[in-house]
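Each in structure tokens, the structures are laid out below.
Below are two complexes that have chain A in common, paired first with chain B and then with chain C.
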Partner chain A sequence: MDVFTLKKDSLQDFLSTLSAAYQLWAPLQKDGDTLFEPVLDCRNNLPDLDHQAKIIKHAIFPQTEPLFSYDQNDQIQAPGFGDMKQAVLFGVRPCDARSLTLLDQVFAGDVPDPYYMSRRDKAILIGIACTDPFANCFCTSVGGTPCGREGLDLLCTDLGNRYLVAVLSEKGKEIINKASSLFTAAPAEDIKRGAELAQNAERGIRRHIDLAGVTDTLGKIFEHPVWKKMTLKCIGCGICTYTCPTCYCFDIQDEPMAKKRGRRVRVWDSCMYKEYTLHASGHNPRPTRIERLKNRIYHKFKFNVDTHGAFGCVGCGRCITLCPVNEDIIENLLAVKGAA
Partner chain B sequence: MMNPYLPVKATIAEIREETGGARPIKTFKVALQNGNAFNQKPGQCAMVGILRVGESMISIASSPTQQEYLEFSIMKLGKVTSALHSFEGGETITIRGPYGNGFPIAEWKGKNIVTIGGGIGQAPLRPIVQYVLDNRNDFEQFDIIYGARSTGDLCYKTELFELEKRNDLKVHLSIDMADPDWKQFVGFVPNNVLRIKPSPENTIAITCGPPVMIKYVIHNLLELGFSEQQIFTTLENRMKCGIGKCGRCNVGNFYVCKDGPVFNYATLKNLPEF
Partner chain C sequence: MSIQKLKDEAARALGRKDVKYLIGYKKGSYGFRVSPAFIEPKEDVDQLIMSPLCNMSLVKYVMMEEALPSLTEQAKKPSKIAIVARGCDSRAINLLLEEKGVPREKLYIIGVSCTGAIDQRKIEARFPQVTEPAEVTEENGNYIINVNGQVHTVPKEELLADLCKLCRYPTPVIYDKLIGDKLPTKPFHYDEIKAFEALPLEERLAFWQQQFTKCVRCYACRNVCPLCYSTICSLESLTPQWLRRSVDTSENFMFQIIRTFHLAGRCIGCGECERVCPMNLPLMKLNRKLAQDAKLLFGYDSGTDPKAKPLLTTFHSEDPQDFIL
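Here is the complex of A and B:
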């Protein structure tokens, strides 16, 4: 495996090269938040690699996406998928890269979703190692690691005035070749330092839960009173699902437009809303927040395991950090274990 | 890559009123504009849509042995179904599918069949009725048990009254509320099942209706000696994609749109939310 160093002074040039050849996305400061967005100006708006971006999945799975449009004569026009520009996602956290491999299982499936798959196939992921994990990170409890490489094409590790850049795939090699003058072969001491930082990073993870057996436990406690207690705080706002990198539920709606034109769009939806499962008859199989929060935990820690063989959670901690009432999925899972 | 969200267009060829009242039901006879057969199996569903309005998952109420058209029996409830009810025939709608597993009807060859429906729950059972009648020699005794709240709420009345005259099947109708003109059983469908006592010997029972009816029908079938494997039902849930991706129609780790809507009771009884 090839490993290079990239001077931080050269980052702007690297990003400029990328944005000339690809649609470039990166975490950017905007209105006091760090949002993962298309990079429009790599000179004056450098990526913010100090904070956790709100989400990155919208680069592959947009929050609102037209499936097709139609004119006043009902002529349907669907997008072609061939002419889509290749995208480079820069500054992807290892947990977010892993989350895309989980979304792949859903959107590939027996009936592949061409909207997701065509973007995904054309995306190149440049990761940034989490050498200093965030307060609610718990990736190591769900099979990840803060400097993990799964799903990434390149992984950058911050070494002070330079990045150590590990090439992890053919796509990654292609990126290096595009800007080869900026990269030099990494000296042995940098490689050693990168490995040390990765080890320290694991120790920097402050939140842990032993999830061995949790899937089996969930199989036994569907009717347990623990669910009611767990839900007392929840206000059903759905922020946990919108900011979750492994959540993918969506709605499909028709949008009438001017001059009798219109389009059929898909938009993110949330299992935390009552309308999500509400039948036309008025019957609702998940009528209260108790059933809805319970379904979220079951989906991530049992159904996804039963169907795809992995937890539907990468331990990014966003649902904990961003919950307005301090619902905490680790505490929820501890309660599940306690109910066994 | 095939685009699973892209519908085909279809023309509404005929609209029949089934029931009146606050939640009327109409049956829409629909022909695909591309002339292709839909190639559905009995028990499968289709996403019926109207451009500028939306889509609804509807069970297909006609049998694949009727190739030229599809039928959907639709209650007027939401945006899409209300728009459909305002149609007069000749309108263009969108269709995609077929979705779901369908009934394993080929495996039921040589068996007695009993369908047990309630209200609009007869719609997904109707393809079985048509299929069995179109392949009558493949099956033994055939019983249709069907009920609704009142005579005005019975779907497919003309059709069922015609079938009552045939001697190669038995039709057992019921209404919940007494009516001076009603000569048949008055009472709930599960009670009618107990009264008729279909024999479990070499029989498959398929039930669909309101959730509470399904529960008691299954309870009573088990009491009559049916094994779990002999009982099938077809479920519904809110759906958007039809291909097991949008998330909402799950019962446990099964998606009703993809792994259902048809479930054998041996599977269903283990699902947490049923």
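Here is the complex of A and C:
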């Protein structure tokens, strides 16, 4: 495996090269927030690698996706995927890269979803190692690590005035080749430093929970009073699910358009909403916030394990950080364990 | 304000036969966060805290109480909820009483005089990545912040939530028990709204377009609002579907206009919508514009008088009419 060094002074040139050849995405500062967005001007708006981007999955799985449009004569127009540009996602955190491998289990399984695949196949992921994890990161509790490589094509580690860049796939190699003059072979001491930082980073994770046996426990406590107790403060908004990199639920809707046309769209949905399980009859099998919050935890820590063999959570901590009422999934899971 | 007084008062409330539980604040799970506390046995009142970090309104929880499974079970339970309410929260309660959204008998209000709450974003930017529980007290215009065993002194002005700087009713306007001193009511001003209104239309439109493009429609602003309590929300209506589920600038405009207009002459200015927004939309700019109009046109100050009639349900012959075409 090749490992290179990229001077921080050269980052702008590297990104410019990328944005000329690819659709470039990166975490960018916008009104004081860090949002994962297409890079329009990499000369004046360098990626913000110090903060966690609020949402990242929309780069591959957009919130609103038109599936096709139609008119009154049954003339259907579906999007063509052939001319879609390859995309480079820069500044992806290792947990977020892992989350895409979890989304793959849903969208790239036996019947691949062409809309998802059109972006996924064409996406190249350049990761940034979390040498200084965020307050609510708990990736190590769900099988990840802050400098993990799963799902990435390149992994950059910050070494002060330069990045250590590990090539992890053929796609990654292709990227390096596009700007080969900017990269030099990494000296042994840089590689050693990178390994040390990765080890330290694990120690830098401040939040932990031992999840051994939690799936079995969930199998036994569906009717336990603990669910009501942990739900009391939930306000039933969609922040946790919309910012979650592994939540993929969607709704499909037909919408009228101008000139007697209509379109079918796929939009994110949230199991925290009343409408999510509302039946046409008016019956709702998840009538209160209690059943909804319970479902979110069951999905991530039981159903996903039963179906795909892995937790549906990568420990990015967004749901904890962004919850306005301190609904904390680590506390919730501790309560689940306590109910065993 | 003495925390012991609050705990004593809470224990007294929970000792009443007609109070089923109390909603207050307790330490959050990490860093600077606080959590709503739902306390039933009075021995648990020791969890209660009251500090400048208590920045959330608890009034919504009164309105979202999940119905108990059967009426018989409901009938067995005592009826009152005790709630810790700051100035803004008490105004929300007042408005709910005005609208008959909640009966007065259902509430036992422990009012707390409030000198303003810390903006979570400001303190977390100042002290990033704090996981250990931190403590903050207020002394002589400073916040004394105890984080990871170190004590920092930060001028209050730097961390105080912007909306708290505009607060006019720091002392609750309705309560069963008041804790803390009565603080003076402050004058009314909407300078920042007037300044924004003075901008050219194109500039204002561009501003809101940029803001609403960011909205992801998590509905946190609606869900947290103590005054959004319709059992069937127009945003969820399917026949007709007033709002498309597609998330784009145009639909987001529609959503925010519906949300804001439902608060016309109602918003009491607690700023919860703005606090919870994951995309940091300046929603109070809209709400305060309507509050300003209610005040300037009708002299109506929402939530300050439980005996008042809701503004938009009343008509007086002297009401201004020059805006009617």
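Operating definition for what follows: the second predicted complex is superposed on the first by the 336 of 340 C-alpha atoms of A that agree within 3 Å, B and C clash if a C-alpha of one lies under 4 Å from a C-alpha of the other, contacts with A are read in each partner's own complex, and residues count from 1 in each chain.
By definition in this document, a residue touches a chain if its C-beta (ideal position, glycine included) is under 8 Å from a C-beta of that chain, and two chains touch if they have at least 3 such contacts.
Here the structure is a predicted model, which means the values were calculated and not measured.
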Would you sort A:Val106 into first (chain B), second (chain C), both or neither based on which partner it touches? first
Taking the superposition on A as described, I'd like to know which of chain B and chain C A:Ile76 touches: first, second, both or neither. first
Tell me which partner A:Gly236 touches in the superposition: chain B (first), chain C (second), both or neither. second
Considering only touches as defined above, state whether A:Val265 meets chain B (first), chain C (second), both or neither. second
Going by the contact rule set out at the top, does A:Phe68 touch chain B (first), chain C (second), both, or neither? first
Answer with first, second, both or neither: which of chain B and chain C does A:Gln253 touch in the superposed model? both
May I ask you to decide whether A:Ser180 touches chain B, chain C, both, or neither, giving the answer as first, second, both or neither? neither
Using the superposition on A, tell me which residues of chain A are in contact with chain B and, in the other complex, with chain C. 251, 253, 269
State the interface residues of chain A toward chain C in the complex, per the touch definition above. 30-33, 35, 54-55, 63-64, 132, 134-136, 206-207, 232-233, 235-239, 242-243, 251, 253, 255, 265, 267-270, 273-275, 288-290, 320, 322, 324-326, 328, 330-331
Tell me, which parts of chain A touch chain B in their complex? 67-68, 70, 74, 76, 78, 81, 106-107, 109-115, 117-118, 222, 248-254, 256, 260, 262, 264, 266, 269, 271, 276-281, 283, 285-286, 291, 295, 298-299, 302-303, 306-307
Once bound in the complex, which stretches of chain C touch chain A? 28-31, 33-36, 38, 56, 60-61, 64, 66-67, 128-131, 210, 214, 216-220, 222-224, 236, 244-248, 275-276, 278-280
Contact residues on chain B for chain A in the complex? 1-7, 9, 49-56, 75, 77-78, 81, 92, 211, 236-238, 240-241, 243-248, 250-253, 258, 272-273
